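In structure tokens below, several structures.
Here subunit A shows up in two complexes: once beside subunit B, once beside subunit C.
So, the complex of A and B:
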């Protein structure tokens, strides 16, 4: 039992519609230093929780730990294990990482007060999974760009105009080419997004990841998540395959992963009518660079 | 906790004295490269508009060409490549 006298707090991983069997939860390693995973009930909602040391999960300690990439990674993996443990028992609402309550009672009453919203999200996510799709400019573009900027100053093969004017005209051609390539790639990314949206219940565009994060030399043009009905999963993946095989889309590289627990679509407290959700997602899609 | 001090976040300034000089050169060159690219863009814009006389075009182009060569030399001196000269501005994308 979590309380201040035992020095533990209640870490909440996920909410689920069905109660995961204790045996399945006990086999899952949660956060290090914590107790075994267990469930609590708040009305019709089950909570997957773990007792974790208060010293490691206080506000100061958490901020400090999550600022260190290695700690952050360990914490995220533990969080995902806890969420995944709940997944086989029907729809799951993953909580944001590091959702901590002082006691079981606090966690239960916090969830109970929003039971209706939670149940609505369950209904929305039931029988649906998330697919992540990223579109990068194709690698040859980066290579060509780098070679272009390198050779400009030294003067190209004999055809180029020598001197300062030659340099300016080469720089002008280089800039125009880069612009064109960029625009084409962006248009292609938009096509990919619009095509996939046709097979998805909902879609959301995340901020493109930096090249530092992706480890690629090419800019990320689309970082989207799609909520796909299990019944349409085959259609969705077939559409992805068609896009990858499409010769007109050579400018980009499409990577996808899934099915995932729908992290991107399980936000509580943003319950808006279905029509408004679609409109908001559409706006986010077109607004994203 | 087995570490004595929190490790610096990835991407934050590392104030190790031996690395500071390198880091400073890196930063200065990045800023110079930003200015160089801005100047080049502006020059190309004027060039494309056709508002420069041939002599102006030649002088401007030569200056930019020399500046570019000088940047290559400076990068080589500090063991950097042109691709290193960039800053991740987070939500704003990269600087260059």
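So, the complex of A and C:
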């Protein structure tokens, strides 16, 4: 339907193996100003698309809008709604936000030329969802309290030594403690990651978010995503709960969200054999991509 | 502690949908801006750094929350607020602010007699630049 004479372009949300019913798609609000969500077919692959105003989705307009916070937020949520609309009909491969074609034909041929690769991703993602897990160092006060109660009886930095020499020794002890605590927290984050990987088919690390972004005073040690079989979801979440309840992991705070559409695992042509998952585990938690 | 509410009803919602003011919006951006199958579209976009975008978004959400607490919630009453309307509102506000700024500056100049530093004639003409900023 999209063409230059109607003033619309084709926005591609996701690819899916099953064809979502028109009624279900029509009920979903896509991008504002656009038409109802609909599907196109490229061989065995279904495309979830929407006609959107060319004026709002041209290069200049789109760049400008996405660099503005409120528009970015609205676009991101609209994109996610469109992707999620396809999720009940089997595996879904989400496209990055703002994948736009000048016509339906262009969209179909772009997908058709990669049909085999897309089908391979469907097989990899079928019956699996993504879980986001973040590990932060515990807030300094909480960790200090935990350390204090854990090492009862030892002459800690609280032991009073009067005078300047006492001050210096207390200061260096505090510094040593901070350093130790940070090392411990990093090790704990690695433990969390290794533990969760046991219940996941695949895992990947996002760039740790800055303190400026998280609004926390403590550094983010792990920003991971796990691809989990639906059949093992309960095991995975139970493992998460156990880690949170584990008294030995007081140096960190674990947060999670899910199940997500497997955004982080929907890469074309990516072969992740089971062995590679374990091999990569050692590097996790350091923030290395 | 795990967010089980999101998938309590499998028939309805099988996937996690972050709320509009949710901190997981950052997680969503991380996933939809640089992840996903790489099939190039016809349109190229040139975005700021994702981290920077997300920080700005977080600040924006915080300011919306603040405004809501103060009872300013006009965008809530119009969920389908078009980008056109947003643009117009911003342009208007921008023009108004520039006018007020110009008025304040001229009052300052008057008050201090001969203005020190850069000449006031270098002040850009307000209407022109404001329309440029928000024309697209």
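By our rule, the second predicted complex is superposed on the first by the 233 of 289 C-alpha atoms of A that agree within 3 Å, B and C clash if a C-alpha of one lies under 4 Å from a C-alpha of the other, contacts with A are read in each partner's own complex, and residues count from 1 in each chain.
Criterion: a contact is a pair of C-beta atoms (placed from the backbone, for glycine too) under 8 Å apart; a residue touches a chain by one contact, two chains touch by 3 or more.
Computed from a predicted structure; not experimentally measured.
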item: Contacts of A:175 with subunit B and subunit C, given as first, second, both or neither; value: first
item: Subunit B versus subunit C as contact partner of A:67, first or second or both or neither; value: both
item: Which of subunit B and subunit C A:210 touches, first, second, both or neither; value: both
item: Touching partner for A:111 - first (subunit B), second (subunit C), both, neither; value: second
item: Contacts of A:166 with subunit B and subunit C, given as first, second, both or neither; value: first
item: Which of subunit B and subunit C A:268 touches, first, second, both or neither; value: second
item: Subunit B and subunit C contact sites that coincide on subunit A, given as residue numbers; value: 64, 67, 69, 207, 210, 212
item: Complex contacts: residues of subunit B adjacent to subunit A; value: 6-7, 9-11, 40-41, 43-44, 47-48, 54, 57-65, 68-69, 72, 82-83, 88, 90-91, 93-94
item: Subunit C - residues contacting subunit A, complex; value: 1-4, 6-7, 13-18, 20, 23-48, 51, 53-61, 80-83, 86, 136
item: Subunit A residues touching subunit C - in the complex, by the definition given at the top; value: 9, 12, 15, 32-33, 56-67, 69-73, 76-77, 79-81, 83-84, 87-88, 93-102, 106, 110-111, 114, 118, 121, 129, 132, 206-207, 209-210, 212-215, 223, 225, 237, 240-241, 244, 256-261, 263-264, 266-268
item: For the subunit A and subunit B complex, residues of the former touching the latter; value: 64, 67-69, 146, 149-150, 152-154, 163-169, 171-172, 175, 207, 210-212, 217, 289
